[in-house]
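These are the structures, in structure tokens.
Consider the two complexes below, in which chain A is the common component and chain B and chain C are the respective partners.
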Partner chain A sequence: MGYYVRKILGFIVTLFLVSVITFLVFQILPGDPALVILGVDADPVQIEALQRTMHVDEPVVERYVSWVGSALHGNLGISFRYQKPVSGIIADCFSVTALLALFTLVLTILIGLPIGIWLAKHDKAKYIVPFSLVSQLGVSIPSFCMGILLISIFTVKLRWFPSLGFTPWSQNPLACIKGLFLPSFSLSLGTSAVLIRYLRVSIISEQKLDYVRTARSKGLDENTVLQRHVLRNSLIPVITIFGMLVADVLGGSIIIENVFSLPGIGKLIATSIATRDLPLIQGLVMYLACIVVVCNASVDLLYSLIDPRIRLL
Partner chain B sequence: MKRNFPLRRYFSNIHFAIGFYMVMTVVSLMILGFFYIPYDPNAIDIAHKLQGATTAHILGTDQLGRDIFSRVLVGTRVSLLIGILVVGFGVLIGTPLGALSGYFGGKTDEVIMKVIDTQMAFPGILLALMIIAVFGTSLQNTVLALGLMSIPRFTRIARSGFMKYRNAEFVQASRARGASHARILVLHILPNIVPELLVTASLGFASAVMSEAGLSYLGLGMQPPNPSFGKMLSEAQNYILQAWWYVLIPSVAISLLVMGFNLLGDGLQSINQQ
Partner chain C sequence: MKKLSIVVCLFALAISSITATGVKEVKPNEAMVPSVVRTNIGSEPDSLDPWKSAATDTEAIFHNVFEGLMLYDTNGKMIPGLAESVVIAPDGLTYTFKLRKNVLFHNGKPFDSADVVYTYNNLTGMSGEKAVSSKFSLIKNINAPDAYTFVITLVEPSAGFLSLTSIPIVPEGYTNQAEHPVGTGPYRFVEYTPGQRIVLERNDAYYDASRMPKIKRAEIYIMTDEAAIVSGLQSGQLDFASITAEDAKQLSSDYTIYNAPQNMVQIFALNNEDPIFSDVRVRQAVNYALNKQDVIDGVFGGYATKLDSNFSPVMGMYYNDTLSGYYEQNLAKAKQLLVEAGYPNGFKMTITVPSNYQAHIDTAQIFAQQLAAIGIKATIQPIEWATWLDQVYAKAQYQSTIIGLTGKLDPDSVLGRYTTTYPMNFFKFSNARYDALITKAKVETNDAARISMYKECQKILTENAAAVYVCDPNLTVAARKDLKGYVFYPVGFMDLSTLYFEE
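Let's look at the complex of A and B:
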């Protein structure tokens, strides 16, 4: 029980620190924030109105408390540009990013799992150097470079995929999958390279254990040993990197959505920075950071359920 | 290769060797750029826009007729300069934090590590984007934003290194002789973790280059007309139909640098472990 209490407390502290950092960064705006946001030659009436909504005359701590308080009630403020509640705008865009992230994770597993298992099974010196170079390539080519190269090959030259844009799942599922394939593929190259590395190491170290020798000495063939015994245990440590991969995918999607013109969170961040829509940026940053914290915490908890030994540490 | 060649240990590691040559390719392009640039990288010549490789423009021209080769030569400076500044920022702030955390442990460690770990919650370049949203785009702000992002990796490595050595015999010996904490930290322990910090610096360099390219791609890094690879890429994307090479060149340049430094770091790590 103590393990869970500690985990949940740590999780709350992290969320608190995230909110403090997000809040403070926007407090150190040089000069009068209202003036910075509206521009030097803004209408004085507007400036005064904005100053009132931002509560600039109150002390920092009070402003923080009221900001967090309303954020907890789902109120992240009003976007300057759209003149709509920030939470509503984020909710509209989030479905696109969530779908993109889901597709990417599925592709990561589809690419990473078989290759990782194959490499562990054929753990020969001659494969190691070429594999590590190829996986370096997967990690090192930035996903947006990859995205643009994929567009130029598959969309422009071969015309296999539709040009930029997004079709909602509810309108046409097939078109939706087709539209999301290239962006999620370019994101999944990097993440699957990471997955393959971890999986290979995990399987190889698991294969050295005594129970595997026992299974082999029972006369089980190599495939059964791998599938029934080794794979189950070696997937456990791999689960921990899934939290990390979610953060990677969300981070990567910030740029990749701009490459493919997908109307998701990433695209929204870029446009809101360009238009200096500070409440929207603040809300978006807070939102994404919370998703990552929640994902990491759930992976941690899931891990302890699958492998109870971890609770003893 | 001669038997007593001093760097043989390094160059016999294939990752280090390949990474080294990749980085050196880019560095030599930068050095070439200091002595010779065929055209003014910002000179507009609309009459010769989007040309393929010719003897006059060996890598062709962009949508405004600017010479791509000249822009690449100057662009390498931006990437390498930002990489160096960001890594420097990370080392100078991250290492002392990690040193305190690992050496003293206890509450100091808990507080520092909690703050450092919180940064993991901001995925990718989100933290950098937030800082740029507040302070605006400029070289200093890009370095500040990416530098803050690079602190945790140095803190973690330094922490584990200092933790490992804090009760080592040579540390206890100097403590018995009355050495101050500062002296032990800097003169006795720090030299032992320099190899690990070098690995981290190399990997940090790669991610700084990648993030800078991402920021400029979004139009939030170096401001035009200064050439930078990310910006070139986003401009090139609009002319993907007419000029595929224009897309390829900045992509290759970014990937060469990122992969070069990643391989260099991987290579150094396995050399250290030998």
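Let's look at the complex of A and C:
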């Protein structure tokens, strides 16, 4: 039980610290949200009216305490920029980013898993060298470059996929998949390259262990050894990487979402910081902290599923 | 292993089937005229509620949804809108508007004088609430003798007042504008998805058949990434979009390029209260040291109009054309002025530029180089937009900066920025004669006299080198070849009602 208590306590302390730090940083940062929203053409009366709705003139401590108070009741406040509840805005963007993350995850598995396994099985220089070259490229090309390249091929030239906007799954699943394919594909090229490398190394080092020799000496054929014994054990380091990858995508791919005009968390983060939308930023920071914690917890959980010897207690 | 490869195959199959149907969908059908026009907007709307919105980009879209008593035409002339006529009393104080009958708001409510009274009560603060705008403080009294007559009485005559009446009329008692705007315009609001798009649809009940839109639906995507806009056009996902001069060259063979001055003034502002720039000779020296044509060619690809005061020629009759070429590049003169001002060896200065405007950063680089020729060492300091607004615009804590200010129909809204009492006079320009002229011009009802006052104001700005007036960068729009009818206005307004697809 101690494990859970420690984890939850740590989580609460993290959230608290993160919220205090964000709040303080935004007191130091120059910039008046009302001015940013209305711009240089605003009537001074309009700016004042907007400032009144933001309560920026109240003392910092007071504002922070009242924010914590309502946040504890599940109310993250009203966004300066959108004049809507923060939780609703984040939920809307999350639905986009979650789908993007899911697609990226699926593509990463579909690309990375077979290649990683195959490379481990065929551990020869003539296969490894070209693949490590390609995967080096996959890791080092920034996903937005890949995004722009993919757009110019698949959107501009071939016109297979759209490159702007997002159609919700509930409205049209097909259009939704089409819209998310290119962004998730450009993200998954990098992530699957990482996956392949870890998986290959992990499988190869597992294959040298005693239990594999035992399995082989029982007369099991190579594929069975790989699938029943080696793969399962090799997945432990891979799952760790996976947790990080998913947390990364769910945390918002600021550039990819901008390149493909997707209204996701990444785009929201960029806008909220640029407009000094403090309530929204606070909400997003809470969201990001939660995502990281949830992903880490899921990884722990997966460990115990894959290897029953690992206990969470 | 087998299972995996089956999954891979199935996935590949799924993707290919999607793309197979996709080709039909995306490819423009030659036989059919599109019923949707798709374009972009460079920033998120500041507010859908017209009373809470100030951004030019937002106005550009929502002027299709909202209408005022008066509208403006492509020359910036005021024409009847929701008022079919207006009579101004000889004393210049009383405006009597005859309102249009048979106008419906987008929510089905019939329009009459009660809506106008409601709107103006809120604008002026006569409703008991705080005034929505400071521009309407010169209204003394409003009155609706009957359902289709509306009378405004002013405190003092104001020649610019009529241009203010293009402000949207909203339905009485409707308070949900920020969520779902309701106006009387040729397009009605359908939806706004933050970060994604705004959708408008034709108002089939629109009263003016001559302005009835030909295209049924408009989708406006919120896009900030330049490359994304260009690929949006190239892939046929956008029908028209405003682009940079650079991109226009690339697209010119496949798209119709519309190009016109946009009534913007790109300014190299010198803080008039800065210890160095408080000396008019130094400001003049800077003006003489620069060659604006280099900026026009180098930054805007030649698509810009050289300026000499805080007015673009788009302002028509108000534009003072006698100032043309007032500061031609003259290094000898610039150096001499610096010597007179006590800087024979030049000085060091900082140009603070908003980092989100590449054009201004590029301009700063050209200017820094040109200033070096007279011994001025300029350092460019790019800062983030929010910081720029706070430090430079609101607090005037800067030495020099480069910014573009959009034009307005009313010359007072443009030149008024330089008056000593204007809260956001970040130029820190202060000139008693100028202030007096602006105040006088406001109430002058004789057009000729008023125009000459504004021309005089421009002359004062130029002679005192209040800033360096660089150019009016053109608005460049690329449209697919079969999309016709794009028109320019002297203010930011993207008129969707005139657009049509050629059959």
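The rule is short, and it goes like this: the second predicted complex is superposed on the first by the 233 of 313 C-alpha atoms of A that agree within 3 Å, B and C clash if a C-alpha of one lies under 4 Å from a C-alpha of the other, contacts with A are read in each partner's own complex, and residues count from 1 in each chain.
Everything below uses one rule, namely that a residue touches a chain if its C-beta (ideal position, glycine included) is under 8 Å from a C-beta of that chain, and two chains touch if they have at least 3 such contacts.
The shown structure was predicted, so the numbers you read here are calculated from the model rather than taken from an experiment.
Residue contacts after overlaying the shared chain place A:V293 against chain B, while chain C stays out of touching range. In the superposed pair of complexes, A:N258 makes contact with chain B and with chain C alike.
Once chain A of one complex is fitted onto chain A of the other, the partner contacts of A:I128 are absent, as it touches neither chain B nor chain C. When the shared chain is aligned, chain B comes close enough to touch A:V25, but chain C does not.
Applying the stated contact rule after C-alpha superposition, one finds that A:A91 touches neither chain B nor chain C. In the superposed model, A:N223 makes contact with chain C only, not with chain B. When both complexes are overlaid on chain A, the residue A:L102 reaches neither chain B nor chain C. When the two structures are aligned on the shared chain, A:I306 is found in touch with neither chain B nor chain C. In the superposition on chain A, A:L278 makes contact with chain B only, while chain C stays out of contact range.
Residues 29-30, 148, 151-152, 156, 258-259, 274, 276 of chain A lie at the contact with chain B in one complex and at the contact with chain C in the other.
Only residues 13-14, 17-18, 21-22, 25-26, 28-30, 129, 132-133, 136-137, 139-142, 144-145, 148-149, 151-152, 156, 247-248, 250-252, 254-255, 258-259, 269-270, 272-274, 276, 278, 281, 285, 288-290, 292-293, 296 of chain A touch chain B when the two sit together in their complex. Touching chain A in their complex are the following residues of chain C: 1, 4-5, 7-8, 11, 15, 18-19, 21-23, 26-27, 44, 46-47, 51-56, 130-135, 178, 193-197, 221-225, 227-228, 231-232, 234-238, 384-387, 389-391, 393-394, 403, 405-406, 423-424. Looking at the complex, you find that chain B touches chain A at residues 14-15, 18, 114-115, 117-118, 120-126, 129-135, 206, 210, 213-214, 217-220, 233, 236-237, 240-241, 244, 247-248, 250-251, 254-255, 258-259, 262-263, 266.
Residues of chain A that touch chain C in their complex: 29-33, 35-46, 49-50, 81-84, 89, 92-93, 110, 113-114, 117, 148, 151-152, 155-156, 159-166, 174, 177-178, 181, 223, 227, 258-261, 263-264, 267-268, 271, 274-276.
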